[in-house]
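Here it is, the structure, as structure tokens.
Letters A, B, C and D mark the chains in the order given here, with residues in each chain numbered from 1 onward.
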């Protein structure tokens, strides 16, 4: 049960017929080595679920912005393009098909998919465009929207450190979507900066149980 | 904003007109010092939400079993009485009003209450007594039950260690209901074995953000 | 056949159904015996519904002999005076017994524990049962009129586990069938059972009802037909159970 | 009145609305300025929707001058080479700027972050807006025909925060009202605004519409009536805004 693969092997599992979750909030907690390998693979027509489209407002493309800049993404479900104006421009020109979901609803829909639930009700979006076409329900006198689970074929997530079983530890705000997306895909690939042996991470330190991780990519050093 | 109170002060907030969540799985992760203070207070007619009714099968009453043995609980929503046969007997005799909820549904309903959601759909219980009187829904061809959020007036939870802001750390299986129940009550009281100053627990170590904790009780040493 | 022998046969025959690397939840009682018969080359991970993956062993329960002993043990195994390798007052299994954990284990809250169960991340569960019927429905939590203990996590685990293997004595103590055309006791879950292992046979399901896949040496088809109530067929590649 | 002066007035007048010990979410842009005007005796906790409570300060953005500088900074602030007190490549705010944290801070994933927002644990949020109407509806995320950036977490935060305080210039650059009888832009949330602070007035709501609670020195009631479109009343205990 060796879970260790290379970034290139991970990239090969990301094909245009699959829905791919890519974790990260801006540049924080994104699997950059796997993204670089996908950029290098030249695959196109990807369907993505992610928080944003990476960053492209500091003069260089970071994270998912690389795949956007390479015209590799065809459609995405996300909460905002704030720090990648290029993605918003490509959406306006019709090249990129973006579906916006409120951030709190997005993370909860992904959790719902990973946690084996059929859907949930939230007040977020009631009375707005987000409610269009959605079932509503009055619960204890208040109006709620029905939201369905989101799952993906492949989830690409990032942790600071993991043991070879996939038990993982995050640092600071780099946790964001990672621990949730890891639960909600048929195949979860975890990129880590540091790979250690079982026993080096104590049972209480684990922030993502290794059972949710199918493959591990070791990615040392920063990537741009 | 001093959150530190005594177990006796905590017990005074637990009155028969309130719904009280009491955390713990068997004897693990139960706020024993607060429970002892409630036992000593003599309050009766309590409405409780908890996983079980403590333990009473080792020849001595532990955790919530103390309140059961004292006839202080009138009704409870819980998943099982497995390790407290006395509670099951009192339910059979009509003294104790027990409502059973599947454990996974129970924790999820509590989370739903704390996380500001209106309810969720689960497959757990479809076709069983649990489904009686509940709305069902076919989602993507499968039948689900609608389950509503659970909240309490007061939640009594337990951690190993916390700083004075309430940022808390658990050990091993003593986490169980604690991090979830803490989010789902108007007033959350946290019992800890060790109280430390802010800065002694790093931002990544925190397993329950202090913002969910209203009061802290320091409870050193074991209680039976 | 004595009760211990019955339980041993059932556990022995379930053990080979669990495969290397799988995440398994064993219910309390007979199912926990299964672990004793797993081939040492097969590495299983055990899911404890109260919040662990990786339980190693149960610690002898001597500390529960008296309140004084219990308090002393708790004191010596609290805070950072002990850890998961040597046992800790904050480390128990779903049956509330103190346990140790292997290296590479992890602990989590109940919300995550049931994500694992309900979300399809559990490869198999082994549970006891009162009745199983030919629709693969299961009853194991409630006997009307008897003391009610609650269903605990059984319903959730059955709703999500990839395979549900039932460890069950073939008949009631009174000699009535437990494999039925329709369960008479309140159900725990519907259409959820993959395999039932009794001391007489291993049973699967097809659209019509029970399919006997293996028989214990000496048990006859007639005996099974007369002790199972419901539609029964026999697999073409009938196997013999492990003795 | 210059744009910087306008923003300063708005931020200065919002600051005293935030009370000691409160958990506050400040939106990007003008709202982040509010922190600069809070009285030092008032200790606020700041919620970063990307997963923090306790942000301390933003680190100057020089490392983004070039990819080389960025890589060098990341390298020096990765793993355990740096921490939350000195800055870290894995520690940013919701606007993606590197920050430091105070002692007693905590970090968490997005599911918990939005539990805090949606679950009623946030005492107040300060957000910018394009329009607010007399029903306390708010529009701040989308101008049809213009580039769409998405709503991010604004809808969730508004659905749960105990108080929503809007920091908004009184009129559009073209001089049109932004306080309206009904928002014309797509809504972010309905019946959610508690207070709007512009450079001319502080506005609350009653069943009929806007209630002016404070006015900037020199601003007249006539001026407000002519720059607000909708039902306007004036509080009996009218206050003067901080200059």
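Going forward, a residue touches a chain if its C-beta (ideal position, glycine included) is under 8 Å from a C-beta of that chain, and two chains touch if they have at least 3 such contacts.
The model shown is predicted, which means the values in this text are computed figures rather than measured ones.
Chemist: When you check each chain against chain A and chain D, which touch both of them?
Modeler: Per touch definition, common to chain A and chain D: B.
Chemist: For the pairs B-D and B-C, output the one whose chains share more C-beta pairs in contact.
Modeler: Between the two chain pairs, B-C has more contacting C-beta pairs.
Chemist: Which whole number of Å gives the spacing of the CA centres of chain B and chain D?
Modeler: Each chain reduced to its C-alpha mean, chain B and chain D end up 36 Å apart.
Chemist: How many angstrom lie between the CA centroids of chain B and chain C, rounded to a whole number?
Modeler: 27
Chemist: Between chain A and chain B, what is the separation of their C-alpha centroids in Å?
Modeler: Inter-chain centre distance comes to 33 Å.
Chemist: Chain C to chain D: how many Å between their CA centres?
Modeler: Using C-alpha averages as centres, the distance is 54 Å.
Chemist: Among all residues of chain B, which ones touch two or more of the remaining chains?
Modeler: Residue numbers touching two or more other chains: 108, 111, 115-117, 122-123, 170-172, 203-204.
Chemist: Multi-chain contacts in chain D: which residues touch at least two other chains?
Modeler: 52, 84, 101, 107-108, 111, 114, 117-118, 159-160
Chemist: Kindly provide every pair of chains that touch.
Modeler: After working through each pair, the chains in contact turn out to be A-B, A-C, A-D, B-C, B-D.
Chemist: For chain B, which residues are in contact with chain C within the complex?
Modeler: 25-29, 51-52, 55, 58-60, 78-83, 85, 88-89, 91-92, 98, 100, 102-105, 107-108, 111, 122-130, 160, 170-180, 193-194, 221-222, 224
Chemist: Could you list, by residue number, the parts of chain D that touch chain B in their complex?
Modeler: 20-21, 23, 43, 45, 47, 52-54, 83-84, 101-108, 111-112, 114-121, 159-160
Chemist: Quick one: which bits of chain B touch chain D in the complex? Just the residue numbers, please.
Modeler: Residues 1, 111, 114-117, 163, 165, 167, 183, 198-199, 202-204, 206, 209-212.
Chemist: Sort out for me which residues of chain B touch chain A in the complex.
Modeler: 108, 112, 115-123, 137, 139-140, 142, 144, 148, 169-172, 203-204
Chemist: Touching chain B in the complex: which residues of chain C?
Modeler: On the chain C side, the touching residues are 48-52, 64, 66-67, 70-71, 74-75, 78-79, 84, 88-96, 101, 107-111, 113-114, 117-118, 137, 142, 147-157, 159-160, 186-191.
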